[in-house]
Amino acid sequence: MSKKSICRFNLPELKDVPADIVKRITYVQEKSGFVPNVFLVLAKRPEEFRAFFAYHDALMEKESGLTKGEREMIVVTTSGINQCLYCVVAHGAIVRIREKRPHLSEQLATNYLKADITPRQKVMLDFAVKISSESYKLNNSDFEAMHSHGFSDEDIWDTGAISSFFALSNRMANLTSMLPNDEFYMMGRLQ
Amino acid sequence: MSKKSICRFNLPELKDVPADIVKRITYVQEKSGFVPNVFLVLAKRPEEFRAFFAYHDALMEKESGLTKGEREMIVVTTSGINQCLYCVVAHGAIVRIREKRPHLSEQLATNYLKADITPRQKVMLDFAVKISSESYKLNNSDFEAMHSHGFSDEDIWDTGAISSFFALSNRMANLTSMLPNDEFYMMGRLQ
Amino acid sequence: MSKKSICRFNLPELKDVPADIVKRITYVQEKSGFVPNVFLVLAKRPEEFRAFFAYHDALMEKESGLTKGEREMIVVTTSGINQCLYCVVAHGAIVRIREKRPHLSEQLATNYLKADITPRQKVMLDFAVKISSESYKLNNSDFEAMHSHGFSDEDIWDTGAISSFFALSNRMANLTSMLPNDEFYMMGRLQ
Amino acid sequence: MSKKSICRFNLPELKDVPADIVKRITYVQEKSGFVPNVFLVLAKRPEEFRAFFAYHDALMEKESGLTKGEREMIVVTTSGINQCLYCVVAHGAIVRIREKRPHLSEQLATNYLKADITPRQKVMLDFAVKISSESYKLNNSDFEAMHSHGFSDEDIWDTGAISSFFALSNRMANLTSMLPNDEFYMMGRLQ
Amino acid sequence: MSKKSICRFNLPELKDVPADIVKRITYVQEKSGFVPNVFLVLAKRPEEFRAFFAYHDALMEKESGLTKGEREMIVVTTSGINQCLYCVVAHGAIVRIREKRPHLSEQLATNYLKADITPRQKVMLDFAVKISSESYKLNNSDFEAMHSHGFSDEDIWDTGAISSFFALSNRMANLTSMLPNDEFYMMGRLQ
Amino acid sequence: MSKKSICRFNLPELKDVPADIVKRITYVQEKSGFVPNVFLVLAKRPEEFRAFFAYHDALMEKESGLTKGEREMIVVTTSGINQCLYCVVAHGAIVRIREKRPHLSEQLATNYLKADITPRQKVMLDFAVKISSESYKLNNSDFEAMHSHGFSDEDIWDTGAISSFFALSNRMANLTSMLPNDEFYMMGRLQ
């Protein structure tokens, strides 16, 4: 592994990476055709790597009242506000693919109020943005807005937890100056 | 488990909590004499519980160039800025105990620039606060300030990663309106 | 008097302090068992000392529709937002004593929206915080919220004036790097 | 006294105002030719009135390393940032008179960095603005900047204390919606 | 032309200024009795000069549902928030003249919420300030507030376009450190 | 012309658009293969249309010390900060084409500090961002940073003027809820 152009920190030699992490990296490489840089950067810290992806999967892969596409909308929107290049580009690719809409990523990353999404999804993003930017001000009216658009308490937890997890993720990407792989930029743009 | 006064969400019945989580809760209860509310609140989501504490332990329990007390300084300082009552009170107790200094928690939570800590620790907190509040502006001069006070790249990662993890943790506590246990308020104040 | 550890400025010799100020300092020492540092720091400027404490007493000691405990809630909450260590710690002690509630100070200083207070008191603190942080935006709806919770115009003046006075006080404490006495940290925590 | 157009609160009948306050009001009326509204508004609260003007005089009337004109520069600049109409207009008049420069008030109230003042005065205003807007961030470099332009510790206290006092004053004016007298607008404009 | 005291950049020799621009400058000089500095500064760039004044005239000189005085209210209010000395002073003069009210300029530049204007004009300024300061948050409720006070869609466009044009103008004045002519300060103050 | 999906305001019938504007629209359509929505939206106001594009061309089409690609970098970066969807997408396309780099637009719109550009270009963008976000704080050190990287006074004017012009443009796009044409999203991504 070379740290060139993907990260500010020295990255580990592949031979020093634990087997379970190599296995996950190999798996994602076979599935995606390349290894997203976040796997290489976090491999530097195996314990953190395992916890990070376990947390990610618990929120992003499970059954939920939010579709997988909606969950990615939360990621791209809050990552845009946090100015996190890695997450905007990598999850921008995923939201384009999941929603089969090639223009959605830039709309969400730039200004979700202008995005071509439903009013219900805008309320979800209002909530996610408040968690991301000023969670200490959260109050009953925020929960009522979600309930009035049909979101359950479980959906609200999901919305807030995804926003919270990417508050962590965005900061790790900025800490490490993690850059997105070139492959992400074009994924999901041609249909 | 009762959700009364500790959280905005319904909490699970103890009988529905997986055995490994019950075991961890029992362990912390035996060690501390009470169950910190974060364990009860997150038990609602077993997968997230496991990932959260695995991440926490990976950062806060391991060997590091930062002492355990210094790591708690990062938690209390950034949680104060994020106005997270749970983390200020719970980790305020821990920093008082770890550092054996009963006044340190309020100094850090209110204004770390006025706290009775070393200049090196202030630089560490400058970095942690920047990650917490405007990580997208991080630049070489922030790294140079850390290096010039003897922090290694590994120490910088630890500083940034702890600040990032509690960016998540603070948001989850605000999302759930998680309240700190009464026990925390007095811990470490009498010597 | 030594300036060591309590203030950035040189403090006067006791022999140079006017008699009325020595008398007030002696009085508070007899009543409290120690001299709060604010008395020593401001003694450097006798005219300002007299005006400061006259103003303080006019707001904090008189009869009012706000209890003395509620007035201290305003002080601790706005001082927390202004990151004033002296006022958070000193008035945190007073609010714990006045309200006979040892946990209240940290709740208010960290995030009053999470504090265990009445809805009416939260409205009072909303008003106080708006005066402290963006008084130029005050409008009729702020007054209506106060009136609808039973606050009179006189109560509103008190709320706003206390917030305003501590806007001054917090800045003087930050200007002088005034540190709180050790005694304050434990007062009112044991019942 | 009529509250019409000068204040949001009911003002006292003149017959109910204590004699010492009537005396001060009469004095200022004779000297200025009119009664500035701040005297009428604060007369509602005699104790606060006395403390307010005692504090004001202690800072603004005494001998100081800052000229009286420079002290008014601090008032106009920080009141502009706090968007306090009363203080910008009333003290704008005073700074024009004291400095014999009819354009200075609008320069300071709008953007002191563009004002026609000395570099030393700009450093003084940098310090005053920092006290006004983010006093909790004050650090050694702010004091060094003042010292390097020849300001003594006493001058620094004056600068910070005036900024602090008008942090109070601006908030009281916004609380009460205190309006400036018409007379102030033209004072000091014609030479 | 001398750049002395009016601008940070070198200004052109009059002989190098194109005839149409000389003509416009001569015209304004004859009409006003002096040449406002913005004409001299922008003459440095003839193409930009022509576009700037064409844009200005299209918004400020045409027929509109907003009076010319109201349009200047927008300029002075948003220029105050942007801390643009040139526009506050120059357009402050114009608003005093157009509205025949010598105190209006300082009220608007300091805090339009305290200005002696109609509720309808305050709503217009709310809209203008939102365009100036956070246009990306504009939503239906902002348009409804305007409509409910009788503003047409064309009026809303005018309000927003004037605020937008002076967002440009304020930044050009700050870029060039353009200073207002002395003549502006007194215009419209005596009636 | 239909306003459907491109703008909040009613747009003119083509037959009501002046001939010179129809000509420009026809020209751009022939050159680009489609009519960018900004032409249709601004055609509602012919005088403003002419001034807008005259200003645009004066800055973006002329000879300059900044390349055309660098000028588009300024547009995309400041439009990202202003959360202007139209300009991020439309000028994102142009910067990809001008620089022949398909990934540059998202880097600049998200966080220019992470973009793959030269240190000199970062200084140019620092300056442009300061003009866009807090032009009133501009000072000598900002000019020195530009000069030290070889930018002339004319280049600085260009940088500031482009940032200023798009401060206007971004606000007009947000005022009108102008949406970018679908065509822009893919332009310049395939090489």
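A few remarks follow.
The first chain written gets the first letter, and so on, giving A, B, C, D, E and F; residue counts start at 1 in each chain.
As a working rule, a contact is a pair of C-beta atoms (placed from the backbone, for glycine too) under 8 Å apart; a residue touches a chain by one contact, two chains touch by 3 or more.
Quick caveat: nothing in here was measured; it's all calculated off a predicted structure.
Common neighbours of chain A and chain C, listed by label, are B, E.
Chain centres here are Cα means. That of chain C falls 51 Å from that of chain F.
Chain A and chain B, compared by their mean Cα positions, are separated by 23 Å. Once the centre of each chain is set as its mean CA position, chain B and chain D turn out to be 44 Å apart. Residues of chain B in contact with two or more other chains: 83-84, 111, 136, 177. If touching chains are joined by edges, the resulting network of the protein chains shown has some other shape, matching none of path, cycle, star or complete graph.
Interface note: chains touch in the pairs A-B, A-C, A-E, A-F, B-C, B-D, B-F, C-D, C-E, D-E, D-F, E-F. Of all the residues in chain E, the ones that touch chain A in their complex are 136-137, 139.
On chain C, the positions that touch chain A within their shared complex are 111, 113. Note for the complex: chain C touches chain B at residues 80, 83-85, 88-89, 92, 102-103, 106-107, 109-111, 114, 177, 179, 182, 185-186, 189-190. Those residues of chain D lying in contact with chain C across their complex are 8-10, 44-45, 47-48, 50-52, 54-55, 57-59, 62, 82-84, 131-132, 135-136, 138, 143, 153, 156-157, 160-161, 163-165, 167-172, 174-177.
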